[in-house]
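Think of it as A, B, C and D in the order they're written, each chain with its own count starting at 1.
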């Protein structure tokens, strides 16, 4: 079961990540290790050629990763992306873009997430079109207790602390 | 010498990439194979922890790559990112972010660009802080003539064309 | 249908990529846009902790990408990797490693391939364990005709050629 | 100052990473946050086109990252690559390949390293040729004490332990 509900995650985005509002990113589903998000098309997101700009798609993928991470860890807002790699495969039609994300690895420290970005507009055969593919890693904040231990050790004062 | 001037590149961004205006991205310098861009801080770009959101930094890096690509190719707006990989290294202060980009490889078909993102705010020792590192590949549109050749060959009509 | 048969691909590896013999990489299946390869365990491939060394897994992934590329293009041996990104997810047991690869995008110029690496040893529940995940891009050599066109244009002699 | 000496690092490779011997990888210099390694050319490393095979270059880059990591952490052999991204830029001549690696970020948990691979053979102007570029992340093993804390917390027994 997801450790965060859809309304809770949406509330975090609204409150803490205003760029999602700017880009029209909305979470559609969240479950343990999975999430689906949608970025509504708007003319501010186009790029030459009349297609959706790459930075908007990267933003959508990153937020989808964040949904998966919080579904595993709960509302630890300070989890951060450590890296992200994206391949652009096809030009999306100038329409909505949908992100389907799932965890490849869920760990206490590092979580690896795969995100597939689809064009919201089906192709002539009614099939969804994969437009970009992302893999990224999030790093969970250290638990307060182990962070204290690590600091004490680095400071050479572990013996005194324990 | 750059094949595009700073005003020409700025005009393309203004006209064709409205997301750059949304994010406050401004080009400061462009020369052959190099570019420097700045993203002005604004409260819409923050993320939990009071720092600059990852998607904003990725957008800045992508636009910096585009500057380098057009400095090499001239104003071929249809050059597209094929992939981008970013490592987030340190939390930027809530301030401007600066991108320094240069070509690792300039080719007729593929151009590989490295982008270093610095916090616009120096650290206590007056040193710039590297906050993220990106490498990406742009694909140049095929020359019209060779595209025609490729299409003819794929269609099996090369013999008739040539 | 694959544009290269399993024996043809195996023959290319044997003749042209001796590192595959060094590492014990064997192709098990190849079809249009897909391939499955296996790296036999041997003590030369271990790393500290008694597990399979990362470089051996990267090599397996790269060769699996090559299988997919030649399944699409036929035996154009000069197709080259332009980039590869790998995430290591879990330590494989000291045993065989299996690569399952498929094309995310097949194009005339760029082919993007996803490779999943599994431990050949099932876990206690009989499930396969995903140990690493790779996405990479291969660049097809330009068609001789369009390469000639590009060269002529670069040399400024297109008018004379055409 | 490096936390590991050149002979110490070489001894670890010899004892624990036999693939380095297989590929002819030798460490030339190691200092705090930096390393230089060389892979001697041998015919087993070629690929179609008579150049050095990609997997051999990836292996060299990965071992160079490991040198940088141990220069920062000391001989904690269990540090592992979590991801690696490589861009191949130019075909190396069939000769030695040299890796120059340095840390972009050195942390207690994650270390990010950039590696430049040069052809050991200069070009006609006597300049070194950059043939590939890599960025990767190593994860340091958790300190034994904080690992115990994390386990206890996960097991719900932290109160009893502390």
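Note that in this section a contact is a pair of C-beta atoms (placed from the backbone, for glycine too) under 8 Å apart; a residue touches a chain by one contact, two chains touch by 3 or more.
Because the structure is a prediction, the values reported are computed rather than measured.
Colleague: Please tell me whether B-D or A-B has the greater number of C-beta pairs in contact.
Modeller: If we tally the C-beta pairs in contact for B-D and A-B, the bigger total goes to A-B.
Colleague: Roughly how big is the turn, in degrees to the nearest 5, that lines up chain A with chain D by CA atoms?
Modeller: Angle of the fitting rotation, chain A to chain D: 180 degrees.
Colleague: Just curious, how far off is chain D from chain B if you go by their C-alpha centres, in Å?
Modeller: Between these chains, centre-to-centre, one finds 28 Å.
Colleague: Hey, how far is the Cα centre of chain A from the one of chain B, in Å?
Modeller: Each chain's C-alpha centroid was found; their separation is 22 Å.
Colleague: What are the residue numbers in chain A that touch two or more other chains?
Modeller: 82-83, 85, 87, 137
Colleague: Under the touch definition given earlier, write down the residues of chain B that touch chain C in their complex.
Modeller: Those in contact with chain C are residues 82-83, 85, 108-110, 137, 139, 142-143, 145-147, 149-150, 153-154, 158, 162.
Colleague: Under the definition above, what is the set of chain C residues touching chain D in their complex?
Modeller: It is residues 12, 16-19, 22-23, 43-49, 53-56, 58-59, 62-63, 77-78, 80-88, 91 of chain C that touch chain D.
Colleague: Spell out the part of chain C that touches chain A in their complex, as residue ranges.
Modeller: For this pair, the touching residues of chain C are 85, 87, 89-90, 104-105, 112, 114, 130, 133, 135, 137.
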